[in-house]
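Shared between the two complexes below is chain A, which has chain B as its partner in the first and chain C in the second.
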Partner chain A sequence: MAPRKTPVVSRNPQLIRGVGKYSRSKMYHKRGLWAIKAKNGGVFPKHDPKPKAAATPVKPSKFYPADDIKMPLPNKRKAKPTKLRASITPGTVLILLAGRFMGKRVVFLKQLTSGLLLVTGPFKVNGVPLRRVNQAYVIGTSTKVDISGTNVDKFDDKYFAKAAEKKNKKGEGEFFEADKEEKSELPQDKKDDQKAVDAALLKSIEAVPDLKSYLAARFSLKAGMKPHELVF
Partner chain B sequence: MVKGREGERVRLYVRGTILGYKRSKANQYPNTSLIQIEGVNTKEEVAWYAGKRLAYIYKAKVKKDGSHYRCIWGKVSRPHGNSGVIRAKFTSNLPPKSMGDRVRVFMYPSNI
Partner chain C sequence: MGFKRYVEIGRVALINYGKDYGKLVVIVDVVDQNRALVDAPDMVRSQLNFKRLTLTDIKIDINRAPRKKNLIEAMEKSDVKGKWESSSWGRKLIVQKKRASLNDFDRFKVMLAKIKRGSLVRQELAKLKKESA
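Moving on to the complex of A and B:
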C-alpha cells in the first residue's frame, strides 16, 4: 500500500476512553459514505486486488537457536538539542567560563543541532574564532549586538568535525620523521569564513560606543565580588 | 600550561575554605565535606551555588601528566545549616590534610 499523505484523524471525538460522541448511524453520515455510494450508483466502489508479485521461494532456515532469546524493545527516541536559556538570544554577549578562552566576552550567533552554541570573538577583537561552546559553560549577559548583517546558515556541526587523518603505513625508519610533519595549517576557506562573519559584526560593534573595548577585555572576579549577587 | 592564557590571569572561581567532614559530635562521615564559600552567609544565597563544580588543588612531589599539581573534582550538593556553609561531595574523599585549605568554586554549570 502506498503511504498515506494525510494522517488518519478520527471524526468521532472521545467522551471518555472507549466511548465516542456519535452513534454508528451518525458516523456513517459524517464519513460521507452515503455520498460515495451516490457517486457510484448506490453501491460502495470496489477495486480489484492488485496482481501480487510472485512470491520468492523461502528457503527453510538451517539454523534454529536452542533457546528462545528475548529481543529488547526497539528504542525509537530522538534527541532534541538542549533547551536554550531565555537570556541567550542571537546577538547576546556571552562570558566564557572555562577552557582556553575563559573570561572572554564573545558574541553568540546561533544554536547548532547538537545543542552547542556557535560563537565568535569576533576574532579581530579578542582572538576567539568561530567556535562551539556548551551552554553550561557560559554566562549570558544583557548586552546585545545586532547580528542581522551576518549569514550563519552554512555553519553546522559537520563544519567543526576533525579532518579525517591520513593513514600512515607502518614504516620503521619513517616513524620519527612522520611526527614532525603533523602540524596542520588552518585551511584558507575557514579563515575566509571567519572574515566574512566578522566583517558585518564589526560594523554593528563599532556603532556602539565602548562595545569594542568591552569585548576585548576579559571578565574576572575581583575582591569582594559575589557572583550570586551580580547582575550580568 | 595552555599558551592562550599567558599573561592575563583571570579568576573565574570563588574562593572557599574546607572546614572538615560532615560529622556529629563523635562520628565523622568523610564522604561529604563542608565548605565555607567567601561572601556567602545565608542558606538562601547558597541556592545559586547548588550543583556548581569544585576543585581541590594540591601539589605533589611526583610529576603526573607533566605537572606537580593535582586536583580532586567535586560538586556543591546542598546547604549545611543556616549560615551559608555548604556540603560537597568529591570524586574521591578529601584527605584530612585539606582541612583549612583553599578550594575553588567555579561558576559552571551555569544557569544565568
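Moving on to the complex of A and C:
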C-alpha cells in the first residue's frame, strides 16, 4: 500500500481505556460514512483485490538436518557509532596511555568512522606519526591546539589498512633460509601526507610558548601525584 | 597566657567542615555554649557549631545580629577580604587552590620555571664561591 499522507487520527476520544465518548451511530455520522455511501449510490464502495504476483514454485529442500536442535535467535543488533568524550575536540592535546607511544602527548585531529581517533605527534616534535588510537587508552587534557590550517579529509580507516601481502609458496627450503623479508619501506606519499599535516600544525604550535617542548616530553606519574585529584 | 583569638561578635572565622567548606564568615551572635549564628555576604545567615569553625585574627566592628546590608558595609570598611588575602594563612590557601587547579600544560610550565630558577640560583652561588675563594 502507498504510505498515508496524513497520520491516522481517531475522532472518538477515549474516556477510559475501551470506552469512547461517542456511540456507533454518532461515529457513523462523524466519519462521514453516509457521504461515502451517497457518493457511491447507496452502498459502500468495493475494491477488487489487487492481483497477487504469481508465487514462485517452492523447490523441495536438498538437506534436512538429522537432529531437531534449537537454532539460536538471529542477532539483529546494530552497533552505534562510538561516542566521543566531551573533553576531546579537534585540536585537543591527548596523553597516550598504552602502546609504543605510552606517555606521549599528541594532537587529536578527528574521529574516524570506526570510532578510533586520528592523531599525530606531530612527527617532527615527538616521533608519533599519523596514527589511529582508541579513545579508551587516552587522557584528554584541556590544552587545545589550533588545527584550522590542516586538512584531514583524506584520512579514513582504509588509509591505515595493511597492504595485501604477496602469497609466498610454502617451500621447505624457505623455512631454513634467513626468513627476513626486506623491511617494508613507508611509501613516499604517506611521508608527504605526514609532512603536509604537520606543516600547518607546527606553525600553530610554535605560536604558543613552551608548547613544543611540552609535546616533546613524555607524561609520567611522579611521587605525590594523585590521578583522581589531578586536573588534566 | 593562652588564648589570643576569642569568640565574639564580629570575629571572622573559616568554616572547616561541611557544605560551605573554606568560606570566611563573621560570627554575628552566639546561640549557646556550642553554637554561633554566622553570616557572610554570599550566604544565608545560619547557625554553626564552633567545632566547624576555625577562628582567625580578623575582627570587625558590628552590633549583635546586624542587618545584612550593615554587615556588608562593615566588612567593606575594615577590608576583611584584603586583610585575609594578605595574611600568610590566606595566601597559603590561595596557593593551594591554584596548585590544585593546574592543568597538565601548566604543571609542565611550572617545572620549567623551577628548573630555570634553580639554575640561576646555582649560577649566583658559583659566582659568590669564586669571589670568596
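Definition applied: the second predicted complex is superposed on the first by the 148 of 232 C-alpha atoms of A that agree within 3 Å, B and C clash if a C-alpha of one lies under 4 Å from a C-alpha of the other, contacts with A are read in each partner's own complex, and residues count from 1 in each chain.
One rule holds for everything that comes next: a contact is a pair of C-beta atoms (placed from the backbone, for glycine too) under 8 Å apart; a residue touches a chain by one contact, two chains touch by 3 or more.
These numbers were taken from a predicted model, which means no experiment stands behind them.
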{"item": "Overlay on chain A: chain C relative to chain B, clash or fit", "value": "fit"}
{"item": "First, second, both or neither for A:219, with chain B first and chain C second", "value": "both"}
{"item": "Chain B versus chain C as contact partner of A:93, first or second or both or neither", "value": "second"}
{"item": "Contacts of A:82 with chain B and chain C, given as first, second, both or neither", "value": "neither"}
{"item": "Chain B versus chain C as contact partner of A:204, first or second or both or neither", "value": "neither"}
{"item": "Which of chain B and chain C A:227 touches, first, second, both or neither", "value": "first"}
{"item": "First, second, both or neither for A:136, with chain B first and chain C second", "value": "first"}
{"item": "Comparison of chain B and chain C by chain A residues contacted", "value": "B"}
{"item": "Contacts of A:12 with chain B and chain C, given as first, second, both or neither", "value": "neither"}
{"item": "Superposition-derived minimum Cα distance between chain C and chain B (Å)", "value": "13"}
{"item": "Chain B and chain C contact sites that coincide on chain A, given as residue numbers", "value": "219, 229, 232"}
{"item": "Chain A - residues contacting chain B, complex", "value": "85, 87, 97-98, 100-103, 127, 135-140, 218-222, 224, 226-229, 232"}
{"item": "Complex contact set, residues of chain B against chain A", "value": "2, 4-5, 8-14, 38-40, 45, 48-49, 106-112"}
{"item": "Residues on chain C engaged by chain A in the complex (per definition of touch)", "value": "100-105, 108-109, 112"}
{"item": "Of all residues in chain A, those that touch chain C in their complex", "value": "93, 95, 105, 141-143, 210-211, 213-214, 217, 219, 229-232"}
